[in-house]
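A single structure is presented below for examination.
Order of writing sets the chain letters: A, B, C, D and E. Residues in each chain are counted from 1.
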Amino acid sequence: MTDYSIDITRKEYPATASTSAHIAIKNLHLTLKQNEFVCLVGPSGCGKTTLMNIVAGIDQNYEGTINLGTLSQTDNKVAYVFQEPRLLPWRSVIQNIHLVLDDPNAPHNTKLIEELLELMEITHIRDHYPGQISLGMARRVALVRAFVVQPQILLMDEPFVSLDERTAQRIRQRLLETWQTQPHTILFVTHDIREAIYLADRIVFLSQAPSNVINEVKVTIPRHNRTDEHSIEAFRQSLKRIGSKTKNYSGATK
Amino acid sequence: ASEPFQIKIGVVAFGTLQWELAVIQQFELDKQENLQLRLITLANPQAGKIALHAGTVDIGVADWFWVSNQRTNHHSPLTFAPYSATAGALLVAANSPINTIKQLAGKRIGIAGGEIDKNWLLLQTLAAKQDVNLNETVDKVFGAPPILNQQLLQNRLDALLTYWHYAARLESNGYKRLLDGAQMLSMLGIKQKIPTLGYVFSDQWAHHHREAVLRFLRISQQAKNLICTSEQAWETVLPLTRSEDKQTQTVIRKRYCEGRIQHWEAADKLAASTIYSMITASHPNLFPKQSSTLAAGTFWDYTLSNSTTTKHPTILTK
Amino acid sequence: MNSPRLNACISVVLLLAFWQLLATSLKLQALPPATEVLKQLVMVTENGQLPYHLGITLTRLIVSFSLSMIIGVLIGIGLGRQPILDQFFDQWLLILLNIPALVTIILCYLWFGLTEAAAILAVVINKVPNVVVTIREGTRALDTRLLEMADSYRFGRWKTYRHVIWPQLFPYLMAAARTGLALIWKIILVVELLGCSNGMGYQIHLFFQLFDVTSILAYTIAFIIVIQLIEMFILKPLEQRASTWRQ
Amino acid sequence: MNSPRLNACISVVLLLAFWQLLATSLKLQALPPATEVLKQLVMVTENGQLPYHLGITLTRLIVSFSLSMIIGVLIGIGLGRQPILDQFFDQWLLILLNIPALVTIILCYLWFGLTEAAAILAVVINKVPNVVVTIREGTRALDTRLLEMADSYRFGRWKTYRHVIWPQLFPYLMAAARTGLALIWKIILVVELLGCSNGMGYQIHLFFQLFDVTSILAYTIAFIIVIQLIEMFILKPLEQRASTWRQ
Amino acid sequence: MTDYSIDITRKEYPATASTSAHIAIKNLHLTLKQNEFVCLVGPSGCGKTTLMNIVAGIDQNYEGTINLGTLSQTDNKVAYVFQEPRLLPWRSVIQNIHLVLDDPNAPHNTKLIEELLELMEITHIRDHYPGQISLGMARRVALVRAFVVQPQILLMDEPFVSLDERTAQRIRQRLLETWQTQPHTILFVTHDIREAIYLADRIVFLSQAPSNVINEVKVTIPRHNRTDEHSIEAFRQSLKRIGSKTKNYSGATK
């Protein structure tokens, strides 16, 4: 098992009639270990989504190389929780979930789907259309959709915003459990530094555009200690102290 | 002199009426009769009928079957004065084995004008007399005349019953005339020359301007004669025949001149209504609300005798 | 009877009443009263004339409609999704779109004779460009975010077309179908007029020669009723099923 | 010369070459070679015949096209936005859509005489329902979330139409315009055939009677060039401007 | 100046072919004092957005009465930050902002817009189309759009998710400043209990569907003390203790 390496020399959005060209990413190098949980943190508009799109294989218009090892790009084993739910409005919740599976009615799949719907508390809206559910519900559907794929690489772009804390926390726990029992690599974008500390093996800080990695921090709190708010808080304070560069992203006073 | 009387005439582009009007203008016949003819050129005969109904023209050209039908069905005031007796013909290829009506059975025959075409009806009546039911034994192909012409040229048809000017073109291409309208009539026992087309106008209008209409009919007759006798007039007409080839031009002129009506008297009108009854009797469901006899007033109250046709012989030498 | 149906009925009745009034009181030329036309309709239905010609025309219509829609949708999606193909065939499309029906009909008849196949081909050639243009417009307006989603979850070609693209094209498809039926009907009339020995177009032309507006209208109404049935039992339910998600 | 234009040129040249080949080598009857048609095109242009008739037809086309689009869009939006109106007028629309062009043309001519106004009215009546159907489909597919936004910020009717609804209807409008030009052209040919003393329809019918396919094609090409110019200098730029936001 | 009263006896989403009817709100009574800052907290899918839509006048299909006093429903003085940005994709950022104003080029408006764009750090994308900016940027544009209206009632549905903390905090401060200098009533939905404590005069807790008010808590921390993380944290802990009902929403351990 080799590591995954992301190597983007340059990602430019070309100029249009009204806008000039924008270099979103420049010389960004990132190595993901197999089954590592990496959180990406960076200012809004720095290029996180752009990076995720490139890793997902949606955006092929960049200079550089993405090496996902043995994982072929046509493989079904990438799942991507977009920053918006991106459900098909004309398919019901359950259909939206089924669509990402090759064999949605296989027993192991139906069981998994039921369990996830239960966990997300959206079993009762399985036959609703996306236009008939709240945004938070739609986000949970998108999460189920990503989880049922049982991906080798899971890309998540701020997946837990718009969820109430209780639900979010339950899903975070589940995510970690699944990750531990069926190891896979996770790239997770968040603005919530507490969330990043709670989840990640490693937090990667991105700079303003053109984006690159300005700092990487291993989360040293042992996993069993992370349910303790105080250790999280302490780690956050320590991040603040690390340097002026990362300070901005470690959460302001509230 | 008083103001010239104005008549609006619906003319089908490049039709024979346009030839005549060209000659009338060339020889200033209208001025002589104190008429002012306003031409409204239209693309096809149907447009002419619409124009008549809409009152856009005073005089148009149509057949008397139609006029009778309009009078029966739409209380139309339209009435008819003869214009030409040139009729369509049944043509076959020069080497065709078809020589008689009987031999048509089982053959593929193109029929211009569809199932209510008068020649087709006559042909059926004629065949019926020989105990042939053409309607059932023949493979009928209805369609637009130009397309049917092409189909015959491509040997996709065994015979074609079509309008006279299309027939003339085929004839000059070596196709054989098996039968024409006049022959069919005479085989049915009618010896008179019956008009196929006529001037059509409203009888009220004609009633109010009877003199002017008569003058118009007169100069039209003169123009016809000029086309047939004066090379100068024919020169004017030539471009309007829209045919480059001498052969065709000759056939066209010949057929056109044969179709001139020399007289239109009570006996002729009677013969016409006989034909009408004959056809409607053998085709009882031809038209909606079909009447078995010609509608009263279909023919305008007007007669033409041999003497009137040569009233102005001097013009010929002009 | 639910309210939309009731509304529809009222609307038709009103239209008929309006027509009757126009025809009888204003005595508008060549507009026969509705009652007359309906009487004629009953008559030609009973004597079997109308069903015969209507049947023939409908067969032609269905065959050529299906062919045109299938071909048109395929090409339309292709052009909408592939800018290079589009640049190349845009011209051809525009040319096909604007060749007079007359020309295509003549050429078809000349090459293939006065046959059924020629008639149907002529209609298809006339209709396909319209479908293509409409569907292409729809394909250009596709939501790329959903396409990206399908892409990232490796939906593959078939799933993407069926579940992501198709529902977005649906309104364009309905527009193409509705205007398409009407257009084909218009063209088929010309096709039948120029080279068929039966069918509504042939009949209507005969009536036209006689200036028999009553019969023309009777035939038209018969056709409209058929279209209405297609609308009620095929298009509307399809549309309803496809738009349940809009509530 | 940029690449799309180049592509278009190549495509046209290829089409012409293909045609020439078909006509000369296969000797397909009634398909004159391209060169012949182009020669004829030059001739009738030089002798002023074509420009005269083309000019007249174009005037009719522009007037009736503008009228139809305006009326059609207004009605289409109305029906799409007001389900009650839609239920009521749906039937009328379907009827109008399927009345044969022949019938409306005859009635218009009979009632208003063989005048320009009647000719244009006949075209408009034939075209409006098509625009309505397309635009109505578009109006039904409007994004309600954006409409709600406009509503909550009290955009008012005019701003909402201009900035929220219009851009969403634009692809439907383009589809209606493109197929519309073609449809009007088809109808205008019949309209001119039945009651005009000039115009392309009138001319083409005369050629048809003589089976002069060369001239018919020459006229058709002239028309297609005009449509091409409209496309290039009006529709394409409009479309480009309206879709800058898609990049 | 009277208070605003919200009084929804019943809000039902009718049954459709695939779904049964859903009663989203039942007997919800809420009074907003003039110029009060009220935060709404409730589980995802409980009916917060539904409530906001009703107050905004978008959804008129409910039983009950909304009394916004002298404020007429056609008045321009309501601004609504939706849960998604809802920008017009075919209008540039600046056009989207201009559209909500009657006279966008009036000097006081241009000044305000410039200042807000600066504050949100989106001046450089003013001529971009929404499809060319990141989601966080789009959210900020939606915020500018709401602020320039200078509304009498400001409705905000989770406005600060997808923003990095630094930016979010700056905007929160600005929101409070504006609110203090030009008092107006704010109804603010959030899942972030810390955010609610930092901003609100009063926090209203909504129940699961059918939604109604289960608790209201006045935030007793003086406004000048709220920049202190510890007092916020202390208040949050106190909320947790208040009762089992509200506990769920006061933020789980992370």
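The criterion applied here is as follows: contacts are C-beta pairs under 8 Å (C-beta built on N, C-alpha and C of every residue); 3 or more make two chains touch, one makes a residue touch a chain.
Fair warning: this is a prediction, and the values are worked out from it, not measured in the lab.
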item: Common touching chains of subunit C and subunit A; value: D, E
item: Of all other chains, the one whose Cα centre sits farthest from subunit E; value: B
item: Pair of chains joined by the greatest number of C-beta pairs in contact; value: C-D
item: Length of the line joining the C-alpha centres of subunit C and subunit E, rounded to whole Å; value: 50
item: Distance from the mean Cα position of subunit E to that of subunit B, given in whole angstrom; value: 85
item: Distance from subunit D to subunit A - Cα centre to Cα centre, in angstrom; value: 50
item: Geometric centre distance via CA averages, subunit D-subunit C, whole Å; value: 17
item: Junction residues of subunit D, two or more chains touched; value: 29-30, 106, 110-111, 208, 244, 247
item: Overlap residues in subunit B, where contacts from two or more other chains coincide; value: 46, 53-54, 144, 150, 154
item: For subunit E, residues contacting two or more additional chains; value: 16, 18, 84, 129, 132
item: Which chain pairs touch, all of them; value: A-C, A-D, A-E, B-C, B-D, C-D, C-E, D-E
item: Subunit C partner contacts - residues on subunit D that touch it in the complex; value: 3-4, 7-8, 10-12, 15, 28-31, 84, 87-92, 94-95, 97-103, 106-107, 110-111, 129-130, 133-134, 137-138, 140-141, 171-172, 174-175, 178-179, 181-183, 185-187, 189-190, 204, 208, 213, 216-217, 220, 223-224, 227-228, 231, 243
item: Complex contact set, residues of subunit B against subunit D; value: 13-14, 40-44, 46-47, 50-51, 53-56, 144-146, 149-150, 154, 242
item: Subunit C residues within the subunit E interface of the complex; value: 244, 247
item: Subunit C - residues contacting subunit B, complex; value: 29-30, 40, 106, 109-110, 113-114, 193-197, 202, 205-206, 208-212, 214-215
item: Interface residues, subunit E side, partner subunit A - complex; value: 13, 16, 18-19, 41-45, 48-49, 83-84, 92, 121-122, 125, 127-129, 132-137, 140, 158, 161-169, 172, 191-195, 197-198, 226-229, 232, 248-254
